[in-house]
Amino acid sequence: MKKSRESIFKNKLVLAVIAELLILVVAGILEPGFFHVEYNATTGMLYGSLVDIVNRSAEITIIAMGMTMVIALGGTDISVGALVAVSGAFALKLLRWDVTLYPTPGDYTIAPFFLVILVPLLICTAMGLFNGVLIGKFKLQPIIATLILMVAGRGIAQIATNGKQFTTGYTPYRFIGQGSLLGLPFPIIITIVICAAVMIFVRKTAFGTFVESVGVNPNASRVTGLKSDRIIIIVYTLTGFLSGVAGLIYSSRISSCDSNNAGVNYEMDAILAVVLGGTSMTGGKFSLAGTIVGSLIIRTITTLVYYFGITSESIMAFKAVIIAVVIIFQSEPVGKWLATRQARKQKAGELRG
Amino acid sequence: MQGIEIQFPGVKALDGVDFTLRRGEVHALLGENGAGKSTLIKCLTGVNKMDAGKIVLEGKEIRPTDPKNAMDLGISTVFQEINLCDNLSVAENIFIGRQPMRRGQINWKEINRRSQELLERFHIHIDVTRPLAQYSTAIQQMVSIARAVDVDAKVLILDEPTSSLDNEEVQRLFAVMRDLKKQGMGIIFITHFLDQVFEMSDRLTVLRNGHLVGVYNASEITKLELVSSMIGKDLDEIFDLKRASIKKDAPVALEADHIGAPGKVEDISFTQQKGELLGFAGLLGSGRTETAEMIFGVTRMQDGTLKIDGHTVKINEPMDAIHHKIAFCPEDRKRDGIIGDLTIRENIALALQARRGMLRPMSRKEQDDLSNKYIKMLSIATPDAEKKIRELSGGNQQKVILARWMATEPNLLILDEPTRGIDVGAKAEIQRLMLQMCEDGMSIIFISSELDEIIRCSNRIIVMCDGKKAGELNGEGCTQADIMRMIAGEKDGETA
Amino acid sequence: MDNRKQNKLVNFITNPKYLMVLATIGIFLVIYIAGIIMYGDKGFATLRTFMMLFVDNAYIGISAVGMTMVLITGGIDLSVAAVASLTGMFIAYGTTVLNIHPLICMAFAILVGVTLGLAMGAMVTYLKIPPFVATLTGMFLARGVCSLISRDSISIDNELIDKMAGWKMYFMTFSDGEWVKVKPVSYINLNVVLFIGMIIIGTIILQKTRFGRNVYAVGGNEQSARLMGLPVDRTKMIVYGFNGFCSALAGIAYALYVKSGWNLALQGGELDVISAAVIGGVLLSGGVGYMIGTFFGVLLKAVIPSLITFNGTLSSWWGKIITGALVLLFVALQQLVMSGRLFKKKKPSASHQKE
């Protein structure tokens, strides 16, 4: 009983990994150079599709860490995409301050660099806190509470930059998204550090269990002495912070801010990563490792689809098919049907044996 | 119904049970939890499919496919939990799905008029156009009965209809039942209040473990015989309970001084000695649960002071209470107790973990030891600690919740209806456990609707009424009549 | 007699069922009148400005009719804007590139919309997939297919479409012995007729048919609805199917409005529709909401950008922020209503029953 139960849960992770490997094999067959990784001595960086996949999945992976727990709490956060835009907009605002005074982009910053990093992160954390308070304290439905910032967030980002797109050439800032450390693109390093930090925070303390408990039954958790509202607030605030980090990486990658297009559909991708990773949308048990694999799957498919020469917008159709398959298999009635089928098979096997 | 047989994967929930209902009779269906009452009802209403047997209604064999179909066939059911939509108006709840139409449109006037008339038969005079959510549970219960009655049913099934009603409301319901009976309707009455069984029913059928134990005439069986037929255990074993003995010099553990939360309970004062079992009696909504929730910090205490071991304490939320070594098993197990998707182990460790704070997690081994210890001690029926708690029966869930709180080693344990909705055997076990813990020096506040249970276990009894303390009685030598008189006396005093 | 009437009125206003709708209408009136006071001299007070609220937002309104029903069942549909965009693409590509009769294109688009709606409904109803996820899938699919058809904006060049889009009914006034157009010219077009027609149809369905009442019951308590013998599954399927129809119809209205099809059209439009319904007092947890509320929700949401345009100095982005704030306000209000402060339970006392 014990083993089978745990193996089912682990199976989801295993399934996700197998899916990822399968997609990679397909990619390898279609594009022989797919697994080729090259070290460029002059830039000191590794190049290749695999590195690229991990690198490009950074933003979604980072956001999805928070989203996993949001979903485990039985909620959703659809404001993360808007927060990505907010973060980039404020960073660029601080780098350039006023384009009429400093019309040409260059290797300079107006505000001190630490503020360029800190202020956007603080603003996004505060916005996450706003979400958390609405949901935790005022018991709003997560989707509607985060809808508020999803609508208003981009407006705030636009107003911060007066509706203009700033560009920057400031080297330390560009390093965040374009630099490299130990041969790896810097976003990968950030992702590893953040994933490790979140996983340690969640699994080496009782926080993970508390999140699962509140996700399953908030009332009972409160009566058992858990401060449900505080846990909800922490999770949404963390997600806000992580969206801010993702926003910095994204805007650094493109060396500018784009309040209209930065982070569009990130909430969808993050949720998809979580669901692919085996965490159920109805809340409860969650798996951070699964989420990381889920995020990689999304990016691998995207990369693969590019090889077919299909446009980025149409990738959505493929994503749709994949989610449909995954959620249909995850759904309760199908699960039950599969279980009874399996049981029947086993029974037949026993009879024959 | 003849030879009904139904199987769930692995378990035979009902095995060859025969059941006959005559026209114009009230037939009580009795049995412990898991005896098969609900399953039988679900077969009748088409929620569950039967594996064998047949249902014959007025000489014709029927096979209800779903509740709607059963209703059309003349079998109308009021389920235990109120199954209405509280966003809709009272009138609409009675008529939805079969609204009278006029020129292709719903005739709202007719709906409202007929609902008003129908409820007046129950002596309920309310504005039927208001949302159901605005009315009390008792009214909602009456509305669901009104809905069931109005469909012109031949058979009416009432599943625990009285559990949320006070005495007066129960009597009103009984009057309606007698009325329906006179009109020739057959009523299946499920309840765990044995007094009500004897008051209302003509015959009774007892089930145990999915088997038929017997069919009796209500006038020919005593209460004791009935109980023993339901549980199949020696009666002595159940009723042989000894009240906890308190040492004369035992210190005062808890002292409540005029505590209250306006609008809920007011002006409650009492003291409790170490090792004392303090019973809280009173009708539903009398403020018993509210007092407990206030002590535990679920609702905020606004007036008065609370002293633990002589020190004044401030309790704003459950965490504070836990730190003061108070534990609380809530009344609504499903809503406030179990964390359904987590395992037994996680459920047991949760309160202790919450007290330790999230930065000092318990190791897996600690959790395993803890849960195994309590599974054994409370004889929780489960293969291992990794089963999800929602897969357990009600009684076993209650034990897990009890284990959760025992693990925190409290000085004061508050038990709100710990024996509600669980079978008689488990009930006795929990009572015995309570008394044992008191012997070991724990103080217990015990809330229950069942007076004999309170009288049997408590050292002292606090009687609540209308959000106030009506009085205090000694457990020894107190009778049910004493308590009832105290509740009633307070009521008379108010109206005079 | 008067007293009784008054009582009835008080009863009506304090009834939490209607409170949210009254709040929406009230706030709309306050903002609209404030606009007239502030920018009346610039022409805000004219009939034209008022009618343009309808003309410019008809497609949102049409979609909001379906969304209101979905929300009342306790669901949500994120695919509406994508389906509308796909509809526009079908019409643009079909008429302009493939030279198919526009009515056939429209019929096909509606068929696709309803089918997709039913498919998502089936996922929600039978596979018990959270509506949020199921419709997200639908949204991805619709957007993806749309991009597969064309990545570029296609402008529609078709006589019938031009005729339909150009049809206008002008408001006339009688002066100097003849009928003349009201100045400044104000009119209603086909989209406005569709919008108001759908609101009326929606109201009749919700208030006057058994199906409509089942929609409320499902949203109030699905389990209870099932045990009361109501056709829960069928109701949910029809609601999602109907919403697919509304999305496609909104797409047609949008195509007539902008006379082009574009794969990225109406990006984020689902939020406009949902927030219009929420501002209109529809409860996202289901069970509560009125078409008339949604109607005023659409107008209230429309009047804000209109005011910002009249102001002239404010960035148009304030529109988004104000919409966000309005949603917050309404959600807070809903919370207040539901938390029991206004929904207070009444336990009839003994005296009550003797009345």
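Per-chain residue numbering starts at 1, and chain names A, B and C are given in the order in which the chains are listed.
Operating definition for what follows: a contact is a pair of C-beta atoms (placed from the backbone, for glycine too) under 8 Å apart; a residue touches a chain by one contact, two chains touch by 3 or more.
Everything numeric in this text was worked out from a predicted model, so none of it was measured.
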More contacts between chains, A-B or B-C: B-C
Compared with chain C, which chain's mean CA position is the farthest off? B
Return the distance between the CA-based centres of chain A and chain C, expressed in whole Å. 32
When the C-alpha atoms of chain A and chain B are each averaged to a single point, how far apart are the two points in Å? 45
For chain C, residue numbers touching 2 or more other chains are none
In chain A, the residues touching two or more other chains are none
Residues of chain A touching chain B in the complex: 1-2, 5-6, 204-207, 209-210, 212-213, 216-217, 219-227, 284-285
Counting only contacts in the complex, chain C reaches chain A at residues 76, 123, 126-130, 132-134, 136-141, 143-148, 151, 263-264, 267, 271, 274-275, 278, 284-285, 315, 317-321, 323-325, 327-328, 331-332, 335
Can you list the chain B residues touching chain C in their complex? 66-69, 71, 77, 79, 82-89, 92, 96-97, 99, 101, 104-106, 123-127, 129-131, 133-136, 138-139, 147, 168, 285, 495
Listed in rising order, chain A residues that touch chain C in their complex are 76, 134, 138-141, 143-145, 147-156, 158-159, 162-163, 264, 268, 271, 275, 281-282, 311, 313-321, 323-324, 327-328, 331-334
Residues of chain B touching chain A in the complex: 296, 298, 317-319, 321-322, 328, 330, 335-342, 346, 350-351, 353-362, 383-384, 386-387, 404
